[in-house]
Every structure is written in C-alpha cells, then in structure tokens.
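By written order: A, B, C and D. Residues from 1 in each chain.
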C-alpha cells in the first residue's frame, strides 16, 4: 500500500463522521490515510457538505496531508479503496421515527435494532449493503468492509451469507462501552480491562472480565447486583438487575439485554417517553439538528463535546482501532462481528457472532469461547434465528418470512400482532422496500 | 420374565388409572400383566381405594388373571417391578390451582407445564421422582421407569442428569393427539399416519407427516393455514395461526405452541376464564370429583366415556403401546422423551428430547432428525435452558436459580416480576419445597 | 404404482443376477415386479444373454407374470423405472486383476475396495454412476438408486456429493453376513439377531448385538476372542484376533477390518496366494466361467448352489429385503449406506455412512448411534477422508488428488510408493480413466 | 507476586537446563526470576550437580540475583512455586534405547514419541506427572505446569483428563522450529513469520503461513515441493515430499509427519542406522556425555554452541517466551498444547491439541482454526485415539488397553505384532511400570 491508504465512507454525511475523522487524525502515525472519500445520496447532500467541510477544517488544523473528497458518486469513492466504512441510514431519521412509533401502537417495542424496528431497518438496509458489496467486488475486491450500520448483526449475517465479499467486519460501540463502564465501575484505567466477549450484536455477554489479566468477574457481578451500577451506555437509562438474577446468570450483560430481561419495564418506559419527550428518533433528530448547526460554524475545527451525547460514544475509537490493527497486523484482541467458525458452540459455524478476536492483517480470528452459559443460549439462538430469517426476507422479498421473523422475535406477543405490525410498517416504508413490492429478487 | 409382569404405578389413585387398566386389558395377549400395584400417599388413600376397586371390577369383567394391589407402601410396590409408571401430583390439584392463580395476578400465564406453573410443578416433583429412582436402584434396578408426570420434559431431564436410572422414558399424549388430529383433518385412519417428531415435551414439532409413507406435509400445512383447523387436543381451545406464519414456519405445531406464538391471546383468555369459570385447575377439580363419583358406582366396570373429557385422551393408548413395544422388542416408531445423543443437532447430547424413536427391548433409539427449522431453534433452546436450570434449582434448592429459570422463560416479562412470582409461589408451596427451606441438598 | 413395478438393473449380465431374480420371485407377493430390465454394455452382451435367458427360465418355472427385458440401451431401461439397481464392473474382471497385481509389486495390498484397488475401481466407476444419475434425473426422477457396485462407500459418497439424485442407497452384503455369522456363532436363528451397525462400508462396526432384543455383546466378544471364531464371510480367510485386542476394542469387527488390524498378515497371504493360486481376481474369473457354463444349461431354472461360493452370499436377500421395505413402508431396521446427518458423531453430516436405519417409503432414516468407540474413530475418519479425496479425484481428474488419496490410505507405506503405484495403474487403466487423460471434467 | 518468581524444574539435571537458564537470563528484565529450583532423583544426582553448578556460573556471569537451588527433595522445590517445568526422563536414556531397539526387531519404528517408543515412554511418564500434579495441588495450587517431557501430547492429555491441575501447558520446540525453518526458506527474519498451527503434538500442521501478516502459503508449498527444502529440524534427516502429495495436501507439514507419510523410508533408515551408528538413543547418549564433559569445565559460563546439536534447539526460546507471556499477560500468539474446547472441529473439546493460542495471564486461549484439511483428519484422529487409550492404559494399568493402543497406532502392522512388542517391552521396562505389575491403580 505504498500508494497511501484510501478510505471510502458510505453515509459520509452522518453526524458521526467527525468522530471517525478525529480517529484518523489521532492515529495518523501508524495509519497514514491519504484519501478520505465521503459519499452520500442526493437527499443527504446538504449534510454531506456541512460535515465534509468541517472534516476538512479538522484535518487542516491537524496539519495532515489527508485529502477529503465529497461525492454523490459511490463508484468513484469505492474505486481502489483500501477500507470501506458504512454508516448510512436508509430513509434517514424519519424512517427511525416510523420504526419506533408504529409498533408502540400495538404495545410492542420498536427499537431500531430489536423487534419490529430492527426488522424493518434490516429489510431496508440489507439490499443496499449487498449492492455496495457487488460494487466492491468489481472496484476494490481487496478492500475491507467495516460496517457500522445497524442492525449490525443482521447486516453482517446477510453479507456473510448472500455476498461474495468475505473481508467484512461488523462493528459496534457496545462492547467498548461495556469495557469503559466496567473500568469506571472498578475505578481503573480502560486499558487495563479485558472482557471475554461472546454472543451476538446487541446481545453480547461478557463471559469473564480481567484487570491486568487477572479475573475480577466475581467482583464485577457483585457490583452489578447493586442496582445503582447496572447501566453502561448512555442511550439506555439505567435500571438495575434483580441481584438473584444477575448472580445466577453469572455473566456480564450488555445494555440491550434490558429489552429482553426487562421487557415490560422497557416497554412501559418507551410508551411513557413517547408521550412526554417523543420517540428516541425525535430526540435524536433534535440532537442531530443541533450538531449540524455546530458543524456549520466555520471556526469549529475540532470534534465538539456535544457529539458524545449523540449515543455514539467510542465509535471513533472502536473503528479506527480496528482498521489500524488490520493495517498493521497488530494481533491485539478486539470484539467484532465476524464469522463464528465454531468459536461459540451453540451457533452455526457460518453465522455472524460478536466475539473477542485477534485482529490480524488477514482479518479477525475468533478466540475459542466454548459454550455460552446455559441460561444465555436460548435467547441468543432466538435472536440469531430472527436475524437469519429477517435477512432471508430482505433478500427474497418474501412477505411471509417477514411475518415469521417478527413472530419469533421475543419482543412480539403473537403471530396476529406480528402480522398487523408488518402490514402497517410495510406500507409506511414502501418506498424503501422495493423487493416486497416490485417482486424483484436480489439473489 | 416367566414370573409374569409386575407393574408399579406411583400415583395410582389418579383419575387416569382406568385408562391404563383399560390399556392392559386390551393388550393382555401380547403383554400379560400378572400384578398391578397401585401406590399412593396417605392423602390420596380414599381416591386410591375408589379407583383401585374400580380397576379390580374392570379386570374381573375382562376375565383376566391380573392381581391388583392397593398400597401406601411404595417400596413394596417397587420390589422386583418390571415397569414403574409415575403419574402422581405433588400437592394434588390444590397446588395446580395455586400454580395457575398466583402468576395471573402478575399478568403472567401459569400453565402447569409452562411458565411459573411448570417451574413450580417441577420444583415439587423432581425431588420425589429422584427419590423413587433411588428406591428403584435398590429394589428393581432392571425396571423401566415410564414417567407421565408433568412437566414431563423437565422431569425426564432431571432423571437423566441427576439419577442413576438410565432406563427412563418420558411419555406424553400430545404427539399421539397430533397424529389423531391430523388423521381427522385428512379423514384417514390413525394407523396410516406417521409424523417425524422432534423437539421437547410440549414444544414438539412435526417436521414431516406421511400417509402410508408418502409425505402429505404440504397439504397439512395448507389445512393448518385455515384457522378452522388448527386445534388438535381438547384442553386448548382452538385459535388459528396466521396463514403467513404457519406457511413460512413450515412445520406442524403442537397445541402448546399457542402459549408462545400467541402469548397475548392465551393470557387474555386465561384472565377471562379465571373470572368466569375459574382456573383450569378448578375446572379439572370439578371434572375429577364427577369422575370419582362415577368410579364409586359398584356397577361400573368399564372406562366411562367422561374420562376422555379430562384431557388425558390417548394416554392409555400411548402408555401401553410403549410398554408393550419395549417388552416385545417391537421396533416400531413412537414419539417419546429420551436422551438426545445427537439426534437433534442444536440440543445437547445428554438432554431429554421428545422425538420419534424405534422402540426396542433395550429402550428407545432416536431417529436422526438433523437440524430443527431455523425458526424453531431459538424457542426450543430457550425452553431447554429453562428446563435445565429449573431442574438444577430443584435438586440444589438454589433460590437464585429458580429466579433465573423463571426470568429466561419466554412467558415472563422481566426479572423483577419473576422474582415477585417466585417469592409468592415459594411461600404458597412451602410444604412441598423442603429443599429451599431446609437447605437439604438432594445430590 | 398401479402400473406395476419396473426394475432396471445396470450390469445385468453379472453372475449375481440370478440371486436378485431369486429374491424377486420369493417376495413377489409383497413386491410384485412387472418388468425387469437387464442392461449391459456391448462387451457384456454374451453374458447378458446367458444370464438373461436363465432369469427368464427361473421366472417361468415360478409361474410369475414378470417380463424380463435384455438390452444394451440404458436409457430405454431407465425410462419410468421405479428402482434402479447397479452392479456393473467397469473394465470387467481384467481390471480387477490389474487392481490386485500391480500394487503387490510394490508390496502393497490392492484389494478392490481398499488401498490402490479400491481407489482405481472408484476412479473408473464414479464417472459412470454419475452419468447414470444424470439419465435418471431425466428419465426416472422419482426412482430409487440402489447401488451394489464396489467400492460402495466411495460410490455412495460421490453420488451424495456430486449428483442431484438424493434417493440413493448403497448396499453391501457384509452386515448381513455378520448377522449370519453371529447367528451361527451363537447357534440361533438369523431372524433373532439385531446388530447396531455404525461405520463405513467395509469398515463397519457392530456397536452392540442382541438376541430377541437382549444384548449378548459380552458373550459375542468372548467368542470372538477365541481365534477359531473370527471369520464371518467366505471371501476372507479366517485369522483370529488377539484376545487382548478384541476385548479392549469391545466392538464387533467386520471381515475387512483384517486389512487394517492385520495388514502384515493379509499382505503376506496375498503375496503367497498370488504365487500359488493367482490373485483373487483370477480365482473369481474361474468361478465366474464355471457359473456361466452352468447358466447356459437350458434345464437349469433355479439358482445353483455354486453361486454362493462366489462371495456374494446374501446379496439377494439384502437387496430385495431393502427394496421391499421401501416399497411397502415397512419401517424395519436394516444396515445400509446413506447420508449421516449427525447419526455418527465424528463423521461429517453430509457424508455416506453404513449404519442401521429404519427403512421407510421415504427412504432410510439412520438410528442415532452416538460416538464411535475411541479406538475406532481414527481409522474410520481416515477411510472417510480417503473416500472423499478419491471421489474428488474421480470427478475432477486431478492427478495430484489421486496421489494424495492413496498416500493417506492406511495400507500405503509412503507418498513415493503411492506415486509409483498411481503412475503404473493410471497407465494400465488408461482406457477407463478419460477424466485424467482427456482433461474433461465431470462436474 | 511481589515476593519474586520461583521456578521449580523437575528433571533439572537434564542437559537442556542451560538452555532454560539462558532464557531466564535473557528475559530477566520482563521476567525477574528470584529462585530457580533444579530437582532430580538419586540416579541423576551427579548430572544435577554438574549442570547446576554450570547454571550458577552462567547466572553469576550475567550478574543477576537469581538463587539456584539443587535438590532431590521435590516437595521442597514445589512449595509455593509460581511455575513448574518438567523435563524429566523416566528410566533415563537407557530406557530410550530400549524403546527404540525392541520394536525394530519386529520391523516397527520405535521413535520415542511415536509408535511403541511413544507408547512406553507415556506409560512410564504419566504416573509420575500425575504424582507431581497431586503434589502441586497441595504445595502450589496456583502454579502453572509447563511440560516439556515427551510424548508431550499424550502427557498433556493425561493431565487434562486425570488430574485436578487445570493450569497446564504442553510445550514442544517443533512449531518454533517450523517457523525458523520457513523463515530460512523464505530468507526473512523469524519475527516476521506467523503460522496458523493446528493439530497434535508431533502431528501439527501449518494451515496458513504469513510474512508480516500477508499469506505466503502458496510460495511455501511451492518451495516444499522442491525435495531440497523439506527438512526443518535437525533430528530428522531431510527427505523431500513427492510434489503431487504436498501440493494437494496443501498444508505445512511438521518433521514428524515423515513417520506417517514416509513410513517405509523412515523404517529402512532406522534399521540402517541402528546397524551403523546405533539407535538415536545411543547417538544422543554420546552427545550428552560430551555435553556434560563441557559443563564440568569451571571456566564455562555461557551456553556452549554444541548444545544446539542435541536436537533441542529453540527450547529455551519457546519455553521462556511462553512463561514470560503468561506472567506479563502479553496476549501474543504462540503454539502450545492445551485443551481444544472446539478450536479444531474434528477433535473432542476436552482433548489436548497443539494450536496457535493467545497467551494471557489466565493461560492460552486457542484461536479458532475450523476444520482440518480433509486429508489430515484421519491421521490426527488416529493419533488422538492412540494418545487417549495409551493414557488410559497408563493410569489404569490395563494391559489389554496397551495392546489396543499399539494396534491402532498407524506404525503398527498388526494386532499380533503389537502384542509381541508390548510383551517384550513391558518386561524390559518392568521397573518403571508398577501399575501393570503391582495392579495398583492411579485414579
């Protein structure tokens, strides 16, 4: 790669982009990016320009020779790229608002990576990511695809099963957030913490946790039994686990476990806040508007602290840490979404899992984690089945599979309600779901 | 076995006993029972006498040389038995009423094999069955234990994992009921139907269905898509599946799947009927009282048709069919609960599954069923985890495990509600749960 | 199948055909064949006529309405067939003689299902059987393919992996011979014996053995420890196992195990007999010539007893028993070669295994056999790898794979000797191995 | 570990000890040993003193505060040790000579980690190592056991299955030798090479090989096809693979693969050299004598270059590299023998494998390697079965199991020869095999 590193970022107009740019700046010494191509679609053109110009100011301020290209031409951006990062949102935040509000009418949580919200975000996103993969095969067959787009587990599953791109990694800030949270809980520096991660995206467990290599799991579980301590990332309000539950589960949970082990409370809270402060989508929309106002400021040339409120904390760190390790064959341990290959006993070999891996130039190699705790296996299997059938529905446009996927999702109370929600959401997202309406099949 | 066959029936005072007796009478030619020992506990003495005397009249009427013994001395009954059948109910129907009514107060279904009801029935039953196993090791080590006591899956799991009795089979009338139901649906004789059963007790799927050996699965799924046809056994009222759901699931469901794929509707119905007609336990209590009134009639000497209302239809047939096949090394195919040993890919080898087996003198040998449908794996895994942790709680008296088991049960909406229910039910069933209160550990 | 059953027998001119005909006659009541098509190639025309006319006389004598057709037109025979049986030999017995004599020059056993002999028989046979499968797809897509052609394991593996015919069963007389042998050893009728078979073709183990359903394994192992008792089928001379070995292996061996657990003795014997009585191929050639002389006798109309000398004893019984059970959905237990699907833990799911199955109209369903004995796993795995790589060589014409297959075969002492043998045999069988010489690839 | 690090080296009088001492000296900065206890038995006292005094001189010359203790009291050495290394040889080199010479009489290779030699070295060693484990449980339960004693795979298997010591790692210099050899082959520095190792001790394959993280497998296989390049470690003379074989195997072999893929040539060579230069044991004995002469020299205070001739090259590096990484939680990748836990698909989860691991303070975590190449599975499975049954024989003293283990070893030509060899070797090693003669059972 003597030619310098070329990055293509699909969804480059995202409010997260400054995080990524900050990451590239910080690690420039070991990861010298020469070109950063920010791509977006027509509808995102204005945001792309705002955030792109801000990125240019950040780089100028840092005094680095990184060219920033803003473009609506995805193929130009992909051409000869070394790394492709994806952080786009099909249908923008409006679609998220729909994902969240329709299910609530039926008494079902519609969070954008779980339940109906996750299903429909997947149905909209998967055809687009598979299309990007096809372009990559042609334009940059040796590039790594680093996907941040949610639902990251389902999207990675779809790429692994339905595309020819094998150099794909799904990335999420949840595991790094758990590390940060536990570091804070134990009052030690983050760098001293290591967690044995195993599970699925937004359904990952910490099987053990170490400080300087010594297990402190017992202490951590003890602290998690104290209801004050159970919240790790900012976008899910903290509710404590019942001590009896967490002590006998004896594993570190992730914030999204709240949706499954506290379904009722989370649903009640979602209904409550939809009445008072609007859906999460609406809250985020306001945050985003504020951020873009900031980004417009021509004097701003460093990442503003408000970005961390957005919920994407640590994305920059996680993403650039991963890419840098691949580039430099670092062989450090990082949790990512990759093909299981037997690392977790109860999940199909060829499915995506979120797991601690050694990161090499050849990609992530999962560490052997053995079997999940007995109590965790069912839920993980259930979400994996949901992801697989949802991905199948997304590529085939099979409406029945969409109903099936939602029915088996643990947040859905019945096949009849699943069907009603699918019907209403299918109609609402019609423009982004051509595979169901035009009967064009992707694979 | 030239000495003649000795049967010991634990819980012999059950209203089901006449079913069993009828079965022995019908198959006497190929399965010549010489002694039938009906055992019960002090509290069931009166019922034992009523049903025992009725059994004697049935045998007399049939003109067969079967001795019927009525006893409260379990060890005497077990001594040198060839087959031990178990159909007892710890805490009698009062306990079932409690199992069903307490959860409803928390908005949770408390059916006696699912959710909190199943959990507590297991916690009460498992110590007793393991105690029977210990007696068997001493008194009749070569006997087969045929368990009908619910929750049959959890109980069989416990025997496989925590006792030294390896000759155990769990039996349920659900599969035979499904065969009967499909025979009726297709208007063919029951004997021409074969279903490839795979799954767990009360969570079993028909992976294929044959008439005279030819698959008719497509036709059956088609008929199941018609809401009129979806109910197979009498104790769950028929509600139809959404056609989209059942067609894409593409497997034959069992009646208890209603609790999981139609949780909301089943819960609503349970709440409704608890107000109008009382819990299922109360309904059954009335049925039982009526049956025992009938049994008292000294002129009655054949099984009364009212018994079939009780919900135990086909038990006689299933039970005696199984025992007869073992005795005669028949090698016919029957669905039973037995050790998995790799027959179903996603379930631990050493766990109990409900599966089509060849029945030999050496016991059931599962037919290879491969992997369950993707959509079914999660739920099956979840119930298996629930059964395993519940069984562990039952033998260790670990209160935290009981909370964990209930939290991961798909019918439970949160860890907090799980704990509240466990607390109230633990108190209500105190007398039958010494392992939790006396801290005596079974294994 | 009201039209009557049509059988197509490829390699119909084989000396075994009268066995098959006798089987059809005996079981006519439950399996009413209406047409038997015997197919052969130009080079086998004379034998086809001799054996075909003899078959007609047998049927006439039995007074049954079975039409016998003799043809060189394979497609006419396959058209609308219900069962296709294959018992052909590419290159006739001359090829077998070559298979056996060349390896001996290098000090290697060249038995026709093991070592170099098995490899080259497979390389010659697999393209032909895959060609038959292609015709079947077109001409009789619902027919069952019952393959007797050796090496039956490798051939079944190839059909499972490289053809679209899924209704295939590989059949061998070794398991039935083991049952017969043990029946004789125990002096009980064959019908009372059941063996739990698991392994590969010509590498099958009896994991347990029952008389009337009761295990007699201990007694059988005891008897096998007596050197006098260890031979079960006629074509391998009896040499006894070391008692220490068979007692700690604690499984019933098949005659071909001699090649692996007594390699040296078997090799010495082969070298010895090649000097005195010629190779087995030469012996068999003589037997065949004698048989055809008998078959020519227009007065002969029943199977002559000399046929049993040929080594194919019980083929008739095994083959017709299998076909009859499929036709009648008998659900009895028979050992056949079929897809593993998890039945034997250490073998790939999609590979062919030889295993006890329930025979249904829908085909064989393997019984779960769990894990093989630790001592047996390596050898079985090794032969399976040999079969897989040999099959791959056969379909791709990859010469290196042929060398690899032979090198990993346990009978081969080194890669260098493997290469020498492959080179000489490849040249000798040139006419039957177009895939290696014309570089035409089959799949 | 503020108290300083205590090392106990069992078999401290070995000629390898200076290697180890050199390692500790070189890495003192990151691994500050305070006490090194060299333990030996009465028979090794003189060698212990020679090598111990030499060790003291080496440390003195390096100017480091490491105390060296020489003792025959194993318990004193183990007391509170942090790391226990084992490099003892039960029966000394005389036993090795016996291991090698007896089998040759029967035409069988008796190398000390393969075939009869490996079996009997295991039978002698396993009871001793299990005894050490018992002492460790009592005296240093938190210590790591680092075993170098051959056959390292069988010994590690035995510790994993039959002791309570779970902190055990088996170490071998073969993988590091392969890395060195390939570095030389490619003419790059060793530090730039990484191999994905998977298999068993002395039966390990390189599944891929990287220079600076980029795969160079194709180039390496190409070079290995050139007969000049196939030898990697000094104690097996180089014979090249047949190019067809290695190219279609498409994996990096280890030197010991010669015994299996070139059995005949290796046997011929062993017979030849036993006539001319004596067995390998005799050659080594001479080398050792020479080394001890050198060690006696009071002016010698650095490791003499002649030690590398001994065949143990890189032991120091491999051993101290491993221990240092555990101590410092380095999380680098090293190939060691550890519990499989699903890392290699075709080997039991609880068996020892030799595999690339991340080395943490908590021990090695295997990297997921998926399935072995089809061609490699059989041999690996066979050696694993051999190791397991040999280990079982070693702990139970079951003579039949010893015969079984040797019969299934691929180097053994028949059960009869296996028995003859076992009988003669059992007698020859009688003094070191009390479990077979005194019928005292270890577990």
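Definition applied: a residue touches a chain if its C-beta (ideal position, glycine included) is under 8 Å from a C-beta of that chain, and two chains touch if they have at least 3 such contacts.
Composition by chain, UniProt nomenclature: A, B, C, D = 6-phospho-beta-glucosidase.
Here the structure is a predicted model, which is why all the values come from computation and not from measurement.
Following the contact convention of this document, no chain is adjacent to both subunit C and subunit D.
The minimum number of touch steps separating subunit B from subunit C is 1. Homomeric contact subunit A/subunit D: same residue numbering on both sides for over half of the interface positions. For the copy pair subunit A and subunit B, the superposing rotation over Cα atoms measures out at 180 degrees to the nearest 5.
As a whole-number value, the distance joining the C-alpha centres of subunit A and subunit D reads 45 Å.
Centre to centre, using the average C-alpha position, subunit B and subunit D are separated by 55 Å.
Multi-chain contact residues, meaning those touching two or more other chains, do not occur anywhere in subunit B. If you sketch which chains touch which, the chains form one closed loop in which each chain touches exactly two neighbours.
Inter-chain contacts, as defined above, occur between A-B, A-D, B-C, C-D.
Those residues of subunit C lying in contact with subunit B across their complex are 194, 208, 210, 212-215, 329, 331-333, 341-343, 345, 349, 358, 360-362, 365-368, 370. Interface residues of subunit C, counted against subunit D in their complex, comprise 241-242, 244-245, 247-249, 261-265, 346, 374-379, 381-386, 388-389, 398-401, 403-404, 407-408, 410, 413-419.
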